[in-house]
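Paired with subunit B in one complex and with subunit C in the other, subunit A is shared by the two complexes that follow.
After this line comes the complex of A and B, so read on.
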């Protein structure tokens, strides 16, 4: 059962909403919990065990951490300092257990086959008659997301940003909330758990805003992403048959497909949560208006970026060893280069993890390192760029400069997504090379583009859909909320727009004969 | 406080530190700038700033940073 399936949209979700409305407020969170586990079971069957295990383990670890703090707080007099030190040591050990347990489980389930295959390939080259058995335990849907939520909860309790929750049900719901569990956004306990537990009444504004957001998500997913999928599949699967403009078109279309698919599914997620009055963080903020690679990652998959920043980049950058490296480097290299030396290793760790988080493959690792290099170089280059702009009296906030930077970022993002989507790193390089080696404008005239699985109608529908998305993104970038503006229109106009939006999805959605249903892309990561 | 203002100006002179109260929430200081700031504050005030302190409420304004420094100096 996917978020775009009729079963979810016309049966599961309405039934949960109806029961939620009928139940007294204090019991509603139990309904959301039961619905979330039913939803997860329908998708992952017996692998639901891992979700149970995660919930039970973070519940125990949280209480254990809290108990340490309580014991240290009870100590008085001369024993207080010793108790505080012992508590700090013990808490560190507990945090390590928790992180190793959850990240270890993620690595074991998701990456064991990848590491096993590569190790076996290495062993074949050595004169050793040893091969490791293939290990495949099954990967529950959403494990990449709920494992990170679990680690963030443990870490926040450790740092005393939140108190440990003694209610196992509430924690289990926080990890498994059905709109979020498949592909995020990655929620923080402090933002989301209480709103899940409150059982707020269904309010007109929440429900209508939620439905609007869901229709917008369906529009992006069904009209744009699933339509472009046909062309993308054809080019990336048969990449040896194509070159030049066609491969470039494939990479551009995949970038747009991924944006429409992922942000569309996030709209469905946030819209559903909004109906229940639950706070879920935004995951996109007009990413294609970014001017640098680091800004792009502050606007694209925001909750993953902030997770890595808060739970990996900052803690690693502030360890004693890394600080010492920074101090020495600043003395020898100056403030800016020294600072770059301090963040080098933590930043590398973040981008290796970011790449591998997306999947077990060399192309994902390459994708992570690609952004590591771009962000590091961008940071090193910044003072020089500012100096040159000042010397030449260039206005870096002017329209032309911003437009050039946006185009530069589009090229960077499309290149990254080409490697990200390619069937392996070798295929990625082959496709990248073929863009330059097989360039021919003839494909624009000889009808070759019409042999990629999409006809003129499909191209037009996707293009018009993208114009809508661009227009909405421009309005949002300028601080105009389309939903708020629409809500203030008179009732007949407002409802005409809503119905027109639903009809657009129904009429122009890429489903039925000639189209294949496409699972949310990020559910596979 | 004067020294703190100078440190902040050195790191990014484009912000109005006297009045700004959303340096982090508003995205005016990125993670690289925050770490540069942490190093400068540790050197200037002899405090140790750990990952626990790296939350927006400690860095959203010059006053919040000053309060954090004074709290860490007392500990």
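After this line comes the complex of A and C, so read on.
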């Protein structure tokens, strides 16, 4: 059941809202939990076991960590210090068990075939008559998301940022909440769990704002993303048939499709949660206005970036070995290069993991390393760039300079997404090369673009849809909330806008006859 | 805001939305828009071709009219699922009484799994009740009505005219194997429904597979052949006789063996024409007053395809 299906929008969600409204406040979280497990079961069937197992395990690990702290706190006198040290050691072991358990499960389910195939390919080249059996286990939807939420919970309990939750139901709901379980955002226990559990009453503003956000998400997903999918599929599947402008168009369209699809589904997610009064973190902040690669990742899939920062980058940066490298490097290379040397390994780890998190394939690893190099070079280059700008009296905050940087960043993003979407790394390089080798403006005149699965009307609908998205992004970038501004208008105007928005989605959506339903793209990662 | 006011507003907005959708539905529901099968006079067609893009790029009804005088329509829809083909056929048969239906088999293997298909069935049933949802995509026709593009489509009778060639170089693709690629549960249910509908209306159902190295293989052939045998249906797998048809993979496909271009479609159409003529005995309507529009359209068709003298 997709978030954009009528079954979800007209039956499942209204039914859950109705029952939620009818139930007493203290029982509402149980309804949300039951609805979430039903939703998950409809998509992953018996693989729901993994979700349940995750909830039980983090519940147990959290209580175990808490028990250690309690035992250390009870110790008095001379034994207190020894108990504290023993507690710290034990907690570290428990944390390791928890992380290995969840990340290990994720790796086993998602990456075992990839590693197995590559290992077998390596063994073939060695004079060893050994081949590993193919291991292909079912992968539950959303495992990449709920595993990270599970690890963040364990880690937060370990660092005493939160107390361990003794309520298994609340933890299970935190992992499984149906709007976020498929493709995030990746929530933190401290932000979300309590608001889920409270069973807040349905409020007029929450419900109306939630519906508006959902309509906006549907617009992006159905009018833009699913329409562009036809062209993207065609070009990336038959990439050998195309070159030059067509491949470039495919890469640009895929980038726009991914943004419209993912941010549209996140709008649906946040809108649904908002109706129940649940706080879910934002995942996008106008990413295409970024000027550098690191800024892009602070605006795109924000919760994944912050997860890696908080649970991988900082812990690695603060290890003894990395700090030592930093100290030595600062002595020998100076402050700036020394700092770069210190973050080198943690940054590499983050981007390798980021790449592989998106999928088991060499192109995903390449995608991660691509951004690693860009961010590292960006950091190294920054003082020199500032110096040159000062020398040349360039205003780096001026409109022209910022516009140029934004265009440069867009080109970088499109290039990255080309490799990301390509059917393998080899195909990615082949497509990238073909952009330059087969350049011909004739395709703009000879009707070749109309043979990519979209007609002129489709191109027009997608382009107008993108203009809407750009306009809303500009308003948001300037701190203007479209929903709040609309809410201030008189009732006839407001209702006309709402009706028009719904009709735009219904009429211009790329669904029904002639269109295949497109699963949310990030649900596959 | 008072709860009563909220309730009144919610009901008011939903009522308004429903009213607007009801008002717009007839506008989008097709009646006689140019370029559609619904534009054809009632009970005027001898055969229909249904399927996905393999279908609308492989059979040209105007070629069949030109050579045999058969009146038919190519109802192929890009990436169509068999469920949608069934419902489309059901509607079409309310206006037409063809003697033959040619079902291109590629869509039988468009399978998203039982659960996903069950979920989309709900969408279909709800959507079917709302004309605006079902026919929303007709916004394109609404804009195009009266335009040259619409007229141009209408003379092709559903076929998509594709020229240009991008060769297929992969070699033989129908390797000898007894293995079968299973037909999905939902797909088989709808295949049965199509067969049942044809039996009920006394229409001959013929399964055919267009030569397509990218989409077809021996395993799919074996499954469909078995289904055809069990259900006493004719199955014409043109992949097995692509050489006999004269398909030249260096010239007859515009996308490396995924679809046929016009040159390939002419060869397939010629074969289908012989089959319909020899085995089914469809009537030749050329020269009949009731079919004068077809003769008129033929001129435009020949001009559009560069065949006019």
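Everything below uses one rule, namely that the second predicted complex is superposed on the first by the 525 of 525 C-alpha atoms of A that agree within 3 Å, B and C clash if a C-alpha of one lies under 4 Å from a C-alpha of the other, contacts with A are read in each partner's own complex, and residues count from 1 in each chain.
Just so we're on the same page, a residue touches a chain if its C-beta (ideal position, glycine included) is under 8 Å from a C-beta of that chain, and two chains touch if they have at least 3 such contacts.
What you are looking at is a predicted structure, and each value in this text was computed from that prediction instead of being measured.
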First (subunit B), second (subunit C), both or neither touched by A:499: second
Which superposed partner A:163 touches (first subunit B, second subunit C, both, neither): neither
Partner chain(s) touched by A:426 [first = subunit B, second = subunit C, both, neither]: neither
Subunit B versus subunit C as contact partner of A:335, first or second or both or neither: first
Partner chain(s) touched by A:379 [first = subunit B, second = subunit C, both, neither]: first
Contacts of A:27 with subunit B and subunit C, given as first, second, both or neither: neither
Residue contacts with subunit A in the superposition, subunit B compared against subunit C: C
Subunit A-facing residues of subunit B, complex: 27, 30-32, 34-36, 38-39, 42, 49-52, 54-55
Touching residues (chain side subunit C, partner subunit A) in the complex: 1, 6, 13, 16-17, 20-21, 24, 28, 77-81, 84, 88, 110, 112, 115-116, 119-120, 122-123, 126-127, 132-134, 136-137, 139-140, 143-144, 162, 164, 166, 254-256, 258
Residue ranges of subunit A touching subunit B (in the complex, touch as defined): 159-161, 294, 298, 309-310, 313-315, 317-318, 323, 326-327, 330, 335, 339, 342-343, 379
Residues of subunit A that touch subunit C when the two form their complex: 1-2, 5-7, 10-11, 42-43, 45, 204, 230, 238, 240-241, 451, 453, 455, 457, 495, 498-499, 502-503, 506-509, 512-517
